[in-house]
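Starting off with a structure, shown below.
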Amino acid sequence: MSVIATPARQSTGGISARTVNRILIYSLLALFALFYLMPLFVMLVTSFKTMDEIQSGNMLALPQAPTFEPWLKAWGETCVGLTCAGIKGYFWNSIKMVVPAVLISTLLGALNGYVLTKWRFRGHTLVFGLMLFACFIPFQSVLLPMATILGSLGRFGVTLRNATGFSFGLGNPTVNLVFVHVVYGLGFTTLFFRNYYEAFPTELVKAAQVDGASFFQIFRRIMLPNSMPIFVVTVIYQFTNIWNDFLFASAYAGTGDAMPMTVALNNVVNTSTGVVEYNVNMAAAMIAALPTLLVYVVAGRYFVRGLMAGAVKG
Amino acid sequence: MLRKLLIGTALGSGLAFAAHAQDVKEVEMLHWWTSGGEAAALNVLKEDLAKQGFAWKDVPVAGGGGDAAMTALKAMVAAGNYPTASQMLGYTVLDYAAAGVMGDLTEAAVKEGWDKSVPAALQKFSVYDGKWVAAPVNVHSVNWLWINKAVMDKIGGTEPKTFDEFIALLDKAKAAGVIPLALGGQNWQEATMFDSVVLSTGGPEFYKKAFNDLDEEQLKSDTMKKSFDNLAKLVTYVDPNFSGRDWNLATAMVIKGDALVQVMGDWAKGEFNAAKKTPGTDFLCYRFPGTDGSVVYNSDMFGMFDVPEERKAAQVALATATLSKSFQSAFNVVKGSVPARTDVPDTDFDACGKKGIADLKAANEGGTLFGSLAQGYGAPPAVANAYKDVVSKFVHGQIKTSDEAVTQLVNAIEDAK
Amino acid sequence: MTTVTTQIKLTPEHSARPGASMRSRLQDALPKIVLAPSFAITIVFVYGFILWTVYLSFTNSKTFPSYALTGPRAYQRLWRWTFESDPPSSWYTSITNMGIFGFLYIFICLALGLFLAILLDQKIRGEGVLRPIYLYPMALSFIVTGVAWKWFLDPGLGLEQTLHQWGWTSFHFDWIKNKDFVIYTVVIAGVWQASGFIMAMFLAGLRGIDGEIMKAAQIDGATTFQLYRRIVIPLLRPVFLSAFIVLAHLAIKSYDLVVALTSGGPGGSAWLPSNFMYEYTFKRNEMAVGSASAVIMLMTITAIIVPYLYSELREKPR
C-alpha cells in the first residue's frame, strides 16, 4: 500500500507530477545510500590494497593493484593470539551461542508481549515498565556480579555432574553467554513485541477465545503468523547485538575453545605493537560481519506489507 | 571477603574435575600479545613449554593496552576461574596479591636465584609479602629519542645532550621543512613523553621524589612548573594533526622521514625492525637529552595465580621458562625491550638493545632506575591516570598555564591517592 | 479502526463456565505463569545488580568490591571538582557531552529513520537492495568501522585531504582534532550506525498499519502530508517509544564509539559517562567512584525515561 505513488486524483498533469515525485524519492534514497556506503567503500578498497599502497596513497583511491591476499590472510592465516589460523574457526563458536540466544530471547519476548497486551492483568503496566527500564542498565556494572553468579552456577554444575553424571550445561561458557544475552535481551524483545501487538486488533483474539481456542493456540495460530515484520526487526536487533558483543564475550568465554568471533576479531585488530595491517583488519571485519549481513538480507525479505490487512479481513 | 566468594575455585574449572590428583600438563594464559612480533615472541615460550610436555591454552584478549584483558581477568577472578598466569602490569600484581588470589613461586625463585638476577626495582612488583607472585618478562624504558638518520644528516644535527640543544635541533628540522617532533596526541603518549621531560628538567632525585614518592612539595615546586613549560615548548614542534594519533603511526612518520624524532619507549624499535631498518644507519637511538645514566622503566609481568595443586607443576614450569636466559634473550630481541634479569648475554641484541642492557645494569647499580608514572610503575593506576588526565589537558589547551597545571596535578593526585 | 485497538477483558465470562473450572483456572493463570520467569530474571539480574551497584558506591571499593560502608565519599569525589574547576573535570565533560550527544543522536536518528522508512515504503523498486544498505552499519563491529571513520574524518587522511587534492583547497574540516567539536563527530558516526535500524523499526511499523485506513483517508481527500501527519505518525506512536528506548540505551552505552573513533578525544574531551564509568571501575581501580557514576547515570535515566514511560503507558490508544 503505497501512498504517494497512488494516483489519488486524476487531475491535469497527474502523470508528470507523479514522475517528478518518483525521481525525487529515488534521488533522495540514492543520496542516503551513498552516505551509508561511504565507510564500507573505504573498508572495501583498503582490504584490496597492499600495505605499501595504504601507507602512501589516498584513502579513497581505488586499489592500483587489487590483491586478495588480505582476505585470504584474514580468513586462514592471521594470528588470533598464539594460534595463527585466521578467523574462520570462530564462526562456529559465535553461531552456537548466537542462534539459541536469539531464538530464546525473541520467543520469550513474543510471549511476554502477547501477555502484556492481550491478557492484561492488574499491574501489567508496572511489570512492563520495570522490564523496559532494565534495558538501561550499563553492562559494565553487571559484569562482576554476573561473573560471581555464573561462577557459583558452574560449581553447582560440577556438583551435579558428580552426583548425576550430567551438568545440565552449567558452567559451560557457551551456555553462560546464551544465558547472559537472554537475560539482557529480554527487555528489548518484550518491548518490540508489546508495542507491535498493542496495535494488533484484540477482536481477533477475543473471537478466537469465544471459539474455545487456548492461550497457546491463539498465540500460534493468530499472533505468530501476523508478526513477521516485528520478528524481522527483533531478530536483526538481537542477532546484531549478540554477535557484536565484546564485553561479555571477552569476560565469560574463558579459554579459546568458546571464544566468539568478536573477541577473535578484536585480537586481530588491536595490536599494541607491530605494523597494523589495515587491509587484513578491514577484510577480517567484513568476514566477521557476513552472518549478520546475511541475516539482514534474508530476514529483510519478510518485511511484507498486507499481512495485517489480510488478517483483519479474516 | 573476596576470598570467601571465591571458595571452591578449583571446582569452577571443568578441567580440574577431570583430573583428581594427577598433574594437569597445561598452562592457561591470559595475555594481550595477540598479533605481529609480540605473538611471535610469546610463541617461543609456548614452544619451550611444549618441549617439556606442557600444553598451552591461550586466552588472548587484546585492546586498550591490556585494559580489556584486565577486565576479563577481573571477571574470571570474580567467577573463581583463575588462569594459570596472566600478563599484568605493575601495581595490578600487588592489588591481586593483596586480595590473596596469587600463587607462591618462592621455591622456584630460590632454586633459580631470581633474587640476585632480577633488579630490585622489578622485585618491588613481582614479590609480595616475601613471596614471588609474578615472573617479569622484560624491561622497557621510556626515556628514548628515536631519530631518522637521513633527516638528521640532511639538517646537519648532532646528538642533543641538553634540553636546550634538543630545542635547537628541533628548530633546525623546522627550518628544513620537516615535522620536528612526531607525537601521538593520546594521553598516555603525552604523559610518557612528560616522564622524560621531568627527568630531564629536574634530574633523577626530583623525578623519584615527585613521581615515585608523590611528594607534594616536589609536585608543586617551580621545577615541576618548569617541566610543564618545557613540555609546552616541545608541543609547539608537533604537526597540527597530532591529536588522537596512534603511537605506531607517529613512529611511521619518523621511519618515512616525514618527521625527525619521536620520544617513545623502546617498543618503538619493534616498528623500525619490522620496517627492516638498522640502528646506526637508518635510525638513531639516544637517551632523552639530560637523562643519560637514568632509566625510566616499565615491565611486563606474568602474574601467577593460586591454582589448585595439580596445576602447580605447570605453573612453575611456565615461570621458570619465562625467566630462563634463553627465552629472555629471544623474546626481548623481538620485542625491542631488554631482559628482566641483568645476567643475560647481550650478543643477540642490536646496538640500541646493547645500550639498553648496559644502561639498565648501570641504573640498577647506581640507584637511578625509576618506575614510569605514565606506564603505571610510578604509582597505582588511580594516580597514574589522574596524572595522564592533567598532562593531556595541558597539551590540548584545556589547562592553559603551567601554574594551573601544577595546581591541577596536585589536586588530582591528592584526590586519587 | 479506533475500536479495534480498544482493550477488552477476556477472561471473566470465560472462566465462569461450569464444569471447566479446573482447566479454566489454569487458563487464567497461564499468562502470568508465562510471564513470570522473564519478570523474575529481570528483578534479580537487573534490579538486584542495581542495588549491588548502589551499595558499592557507598563503600571504599578499589580494585575489588569491598563491603564495608564508608558513606558518600565516592559521590563527593565525583562532584568535587565539577563546578569549581577550570578546566572542567572529566565527569563534567562526560555529562555535558552526554547531553549534546544524547539529544542530537536520538533526534537525528528518529527523524532520519522515519523519513527513510516513509520513502522506502513508496513501493520502491530495489527496496531489497536499499534496505540492507541502510542497515548494514549495525552489522559491522565498531572496532573496525571506527577506524574507517577515523580516517575519513582525519584532516590529513580523509575528506579534507581528498577535497584538497581535487582542488577545493579552502575546505576545512578538522572537528575530530578539535576539543570543542570532537563530540559532534561522535554524533555523525553514531547516526550512521544506528539510523538504518531505526528506519527498519519504522518500516515494520508502517507495514503493520492497516492499508484500509489509508485508503479510507485518501478517499476522504486527505493530502499525502496530512495523511502521514494526522494518521500514520500517530499510529506509529508505539514504534516511536521502541525507537526512543533503543536509541536512548545505545546513546547511554556508546562506549566503543568514543574509544574507536577518538581514543577519548583531545585531553579527554570526547568522554561520555560510560567511558568515565569504565575507566574508573576497571582501569583506575576506583570501583566505588565508578559505581557512583553508574548510579548517577541510572538516576538521570530514571528522571528522563520514567515520566515518558508513564505518559506513554498510561494513556491508552483510543
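Here the chain labels run A, B and C in written order, and each chain numbers its own residues starting at 1.
Rule of thumb we're sticking to: contacts are C-beta pairs under 8 Å (C-beta built on N, C-alpha and C of every residue); 3 or more make two chains touch, one makes a residue touch a chain.
Nothing here was measured: the structure is a model prediction, and the numbers come from that model.
In terms of the stated touch criterion, the partners common to chain A and chain B are C, listed by label.
Per-pair tallies of C-beta contacts place A-C first.
When you average the Cα atoms of each chain and compare centres, the chain farthest from chain C turns out to be B. Chain B and chain C have centres, each the mean of its CA atoms, that are 38 Å apart. We define each chain's centre as the mean of its Cα atoms; on that basis chain A and chain C are separated by 15 Å.
Shared interface positions of chain B, i.e. residues touching 2 or more other chains, are given as 64, 71, 74, 78, 246.
Residue positions of chain C touching 2 or more other chains: 65, 282.
Residue numbers of chain A whose C-beta contacts span two or more other chains: 144-145, 246, 266, 269-270.
Residue ranges on chain B touching chain C, taken from their complex, read 1-2, 64, 67, 70-71, 74, 77-78, 92, 95-96, 99, 185-187, 239-241, 243-244, 246, 380-382, 385-386, 389, 392-399, 408, 411, 415-416.
For chain A in complex with chain C, the residues that touch the partner chain are 1-6, 8, 25-26, 28-29, 32-33, 35-40, 42-43, 46, 58-60, 108, 111-112, 115-121, 125, 127-142, 144-146, 149, 183-184, 186-188, 190-192, 195-196, 198-203, 205-206, 209, 214-215, 229-230, 232-233, 236-237, 240, 243-244, 246, 262, 265-266, 269-270, 278, 281-282, 284-286, 288-289, 292-293, 296-297, 300-301, 303-309, 312. On the chain C side of its complex with chain A, the touching residues are 4-11, 14, 27, 30-32, 34-35, 37-39, 41-43, 45-50, 52-53, 65, 112, 116, 119-124, 128, 130-145, 147-149, 151-152, 157-158, 161-162, 165, 192, 196-197, 200-201, 203-212, 214-215, 218, 224, 227-228, 235, 238-239, 241-242, 245-246, 248-249, 252-253, 255-256, 274, 277-278, 281-282, 290-291, 294, 297-298, 301-302, 305-306, 309-310, 313-314, 317.
Touching chain A in their complex are the following residues of chain B: 5, 8, 11-12, 14, 17, 28, 31-39, 42-43, 46, 56-66, 68, 71-72, 74-76, 78-81, 246, 248, 252, 256, 267, 270-271, 274-275, 335-336. Against chain B, in their complex, chain C makes its touches with residues 62-67, 77, 80-81, 85, 87-88, 90, 150, 154-156, 174, 176-177, 179, 259, 262-269, 279, 282-286.
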